[in-house]
Amino acid sequence: MIIMKSDATREQINNVVNEIKRLGLRADVSRGDFRTVIGLVGDESKAPFDRFATMPGVKEARMIETPYKLISREYTKLAEEESPQKVIKAGNVEIGGSELVFMAGPCAIESKAQLFKIAEGVKMAGAHVLRGGIFKPRTSVHSFQGLGGGSEEEAREALEWLRAAGDRFEMPVVTEIRGEGQVDLVADYVDIIQIGARNMYDQDLLTSIARKGKPILYKRHFGAGIEEFLSFTEYMAAEDNRDIILCERGILPLGKGRSYTRYTLDLAAVPVIQKETYLPVIIDPSHAAGRRDLIFSLSCAGIAAGACGLMIEVHYNPVEALVDGQQMITPDELKEVISTCQNIHRTIGPRKIND
Amino acid sequence: MIIMKSDATREQINNVVNEIKRLGLRADVSRGDFRTVIGLVGDESKAPFDRFATMPGVKEARMIETPYKLISREYTKLAEEESPQKVIKAGNVEIGGSELVFMAGPCAIESKAQLFKIAEGVKMAGAHVLRGGIFKPRTSVHSFQGLGGGSEEEAREALEWLRAAGDRFEMPVVTEIRGEGQVDLVADYVDIIQIGARNMYDQDLLTSIARKGKPILYKRHFGAGIEEFLSFTEYMAAEDNRDIILCERGILPLGKGRSYTRYTLDLAAVPVIQKETYLPVIIDPSHAAGRRDLIFSLSCAGIAAGACGLMIEVHYNPVEALVDGQQMITPDELKEVISTCQNIHRTIGPRKIND
Amino acid sequence: MIIMKSDATREQINNVVNEIKRLGLRADVSRGDFRTVIGLVGDESKAPFDRFATMPGVKEARMIETPYKLISREYTKLAEEESPQKVIKAGNVEIGGSELVFMAGPCAIESKAQLFKIAEGVKMAGAHVLRGGIFKPRTSVHSFQGLGGGSEEEAREALEWLRAAGDRFEMPVVTEIRGEGQVDLVADYVDIIQIGARNMYDQDLLTSIARKGKPILYKRHFGAGIEEFLSFTEYMAAEDNRDIILCERGILPLGKGRSYTRYTLDLAAVPVIQKETYLPVIIDPSHAAGRRDLIFSLSCAGIAAGACGLMIEVHYNPVEALVDGQQMITPDELKEVISTCQNIHRTIGPRKIND
Amino acid sequence: MIIMKSDATREQINNVVNEIKRLGLRADVSRGDFRTVIGLVGDESKAPFDRFATMPGVKEARMIETPYKLISREYTKLAEEESPQKVIKAGNVEIGGSELVFMAGPCAIESKAQLFKIAEGVKMAGAHVLRGGIFKPRTSVHSFQGLGGGSEEEAREALEWLRAAGDRFEMPVVTEIRGEGQVDLVADYVDIIQIGARNMYDQDLLTSIARKGKPILYKRHFGAGIEEFLSFTEYMAAEDNRDIILCERGILPLGKGRSYTRYTLDLAAVPVIQKETYLPVIIDPSHAAGRRDLIFSLSCAGIAAGACGLMIEVHYNPVEALVDGQQMITPDELKEVISTCQNIHRTIGPRKIND
């Protein structure tokens, strides 16, 4: 990281950037009101910080050991003199702002009628973003893989339904990309691109999605520590895309005997991540619990922990759903979740991040 | 489990109980308004349920496979026709009732002055129960073991301080027992006996504590599944002590890299355990987090998840504490935690357990 | 799964296959000496097994619930009347046969000279397959990403070195593919394609690699259960590629405090997987341990557990290595590992799989 | 830790020891041929090392941060100038010496006849130590708790059978103690006292067992890291009992889906622990696997990893066993395990610990 003097000229800054590029690295330039900070993207171990420190206009040059710095509050603070919470715009919705954001919809899109009926239901319940899975990651090749599991025409048709439902009910839409081959297709249709937990470590996919420049909803893998999660997030930030919504959806359960939930929701991750990074954090209680009777309590807990939103699977008739029916709630139940969460959010009020 | 007919006579019930004892098992008799249910405590596999079913007054006799039934809502329901939440009385405090209960105090008692100063602080902040460790479980024999680590007189003196502080500030008191040799001594002084996470599996200790007939605060081990936790709880219920407060305090963190918290607080355990058993559940955010800046958020989340109280470590000057200073909050911070949690509790209102 | 009668005609078999395709599923036909078994690939839940059972030539038709069946010993047995261990040919080497196979080489290829020097060393030490990383999966975008992290020309040059080193020292070569964009390029150069632990869940990558028809070395993710590992293996088998070598390389370590190894090598996975599937299993002690002083003991243990080979990172001067130097051993140490492992293998002799 | 000069007098040493005691700590004196090292047992943080350093005869005085040092190779080396492997004598058997040691017998003693028949079988098969459970730790209070679960007379009778079987077949005997109330009783009868995985953290039990001065077989908890395991071992060493055999028996399995083994055997723990401490390490494949068809492979792997022995559950007719029948092998199978393990041990030869 290279901190420029407050009176450094544009030319001096450019000289530093060019020197960085000459080393085979990329430069990330943050211009604050008072000073400019230049981050090195790539393998810093070969960078001659001693030499950088003597270049004209440079105040300080040193290696940062942390595997994530572009997304770090601490790093950003140097340039900005403060570390504002990132607010991400998707359509007419702001994620990370003063209002909670609720994303809801079917686990998998099964038909146009199913999608529109659910979209209307979640809109009425107060949701802001419509979700719907088309390329479903599945443990078994012998399970239903979503409409994206068939021909490209089927996938495109499902994407068109999703777009149309979003437009019809005035909600931005989000769907998951599972492989690099889907990036161009999906990016044309959606407002937010989801990267699922199973793809968290897939750095080539992360890079190719980030380059689309659209907001990304990025889920933590169930075996990943928080440091790993943030380190891989950095792969997207390194492509100059900081519109990243982080999502906690549960880690592997521990202990012998019957497992009462599919995963263990790690709610401490919410305040921890919010201290480490300026990116907004949401909770997915549906996949964490794997059972609908816990959604209400986990949603309340997630918001009380400080999450800025929730992603919830909804179906008008959960038993009919082809995937994950046991964890879906109805639009009526969603309405109760949303209104209680909003009350909790108001009750707690603004939170101090930096104590 | 043996369900008696609604018109079964006392003699018929006694006959069944005697037959159970003859087999080397114990009988747990629940007399409801409408019928009586007799549970078998011990190795049921040898019990001749066919023969029981033909005894006079018996309506139904069958084996229950679950490792916990005495503490189970489902089992109790058979006798009671409903499954009321257990409310446990400790001094003038009710745990599991309509009001939240806050237990607070120092991690380890260090001196009379330290204890009284903290006790006064937590009382002013709104706490209901005073905690203070005397026999401290420690990973290293080379760490401070609490005042109980010295002579018996020192331990007794510390217990007297704890009792006196509880009386002075009108709070029931709780401290941990770590070994069977401490049971008689400690039971004389405290209102609630704590069994720490590391002793969760110690069935002989559980049994000997349960026999004291006092309320027990029982913490889940950091490597234990919920089924195991409840199965070992059953060892205490089998001694006919149902005054057990269950406490979630975090399980082992998962994933590579830096660990941002000491443990992973499993908040889904709260609604899960409350569906399985009628015993009250509290949260210990201090040991789960291991850092004070997360206590507020985790406390709010725990109450929002449905916990009926919290146990929090408090010190007027955390940096002075001999044990766990980095996770303690001040009385002023406790006050803020308590008032926000009570607001959340009121906002959410009564919760449906059986949906 | 549909079992044909022993005298079923080719036409009857074709009729069944066509009916399967009509349902949008794929058919996997295993012709044994005595009977033919047809597996359904895809979402079986919609398949009308009742109707299949009445088709001419069909002996039995039923749904198989397990998420892996194409790679399962049990399933194969139906067609083959026995379940032979799969022997995979890569160049002049057989993996899964009566002789152990040792794969060795640098973690990352750094230069032609480095690669050739190590290749010669491991060949002299007795290794059979040459490994060398070009596209390195790394936790941090700020770490060296392998020569594949630069331009496509650099990646191609490194692949050419690897091919040349393999040809020069008469060893088939293996390298890792990390993203779909690398599949065509890499497949032209190598004998075995490696899929690393972090990509284990990446079903689109699995599918596109499997279609290349080359042998695959597939590593278990550090958070994956064995059932998940085999279920995702099935994605490749469903592309009609069964030349899959499974590799155990350690799961997440558990417990508080210092971690003495990078991962926990799960050696019970070796006999377990060999009972479940006919695919060969090897061990990677280098990544599991993360420290060279454990490689000898873990290698011996892996072979004693029944693994049919090892993959080991080797460098003539480990402290020079850009990646993972602390876990590399020298060619001399490799020689000792190989000869001791071969002695253990001979000492134990053939193992009974099906008891 | 205080290192005395090579010419320090006995009086100078005593002065240091007395000063340590005055601080409320205990002193552990190791007299090597060349110098004497004095370890402090207890909370070192209050020890004035500066002052110690100026006492006559003292060469060096400093705090050791590691939670285990009395059992550490590194610490011992200072006094001994080398760090010999501890060889523990139990009856006529040496554990940790040049020969492997096999401990075998029933999971639970059920009757005198059952025990004697199994004892004879394991002796014929080549076992050296007879095991038999009397106080069984069980997850459910509703399961058979061993003969120790009944009256004290039954427990005593079972202990007499065990003693008699050991004498009759010339094997030292080992059984588990689960609670402090059993220590005096059991210590009278057995040659080795076992502390089970579930009691690993029970520091009061550890202390009271260590004081009996008999060899201890101490099992790692399934949620414990190696550092924790060794830290708690230190509680026994602090009572001046170093006759401790450490046993790895599996940690919690990880990952979703079906669990193919009860626990995950962590074989890297064997070489790791042997580098950290001079205490012998054995493996219990029976509890780790939970299924008999893996015992052979895991036993071979354990010995190949460097374990100095095995503990295996044996029954002449596993399906009859009241506890854990599915993981027991027969005496004939044990014989094959023992002879193959001895061959592997000879094939590998002596191992370098300190590289």
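We call the chains A, B, C and D, going by the order they appear; numbering starts again at 1 in every chain.
Keep in mind that, in the parts below, contacts are C-beta pairs under 8 Å (C-beta built on N, C-alpha and C of every residue); 3 or more make two chains touch, one makes a residue touch a chain.
For clarity, every value in this text was computed on a predicted model and none was experimentally measured.
For the pair chain C and chain D, chains touching both partners: A, B.
Farthest from chain B in terms of Cα centroid separation is C.
Matching A-B against the pairs in B-C, C-D or A-D identifies C-D as its interface repeat (over half of contact pairs the same by residue number). Separating the centre of chain B from that of chain C, both taken as means of CA atoms, is a distance of 48 Å. Once the centre of each chain is set as its mean CA position, chain B and chain D turn out to be 32 Å apart. In chain C, the residues touching two or more other chains are 139, 222-224, 228, 231, 252, 254-257.
Listing the residues of chain A that touch chain B in their complex gives 223-228, 231, 251-261, 264-268, 270-272, 275-276, 288-289, 293-294, 296-298, 300-306, 340, 343-344, 347-348, 351, 355. Listed in rising order, the residues of chain D touching chain B in the complex are 24, 40-45, 67-69, 137-145, 150, 178-182, 198-199, 201-205, 208, 221-224, 228, 231-232, 234-235, 238, 252. Interface of chain D with chain A (complex): residues 139, 222-223, 252, 254-257, 262.
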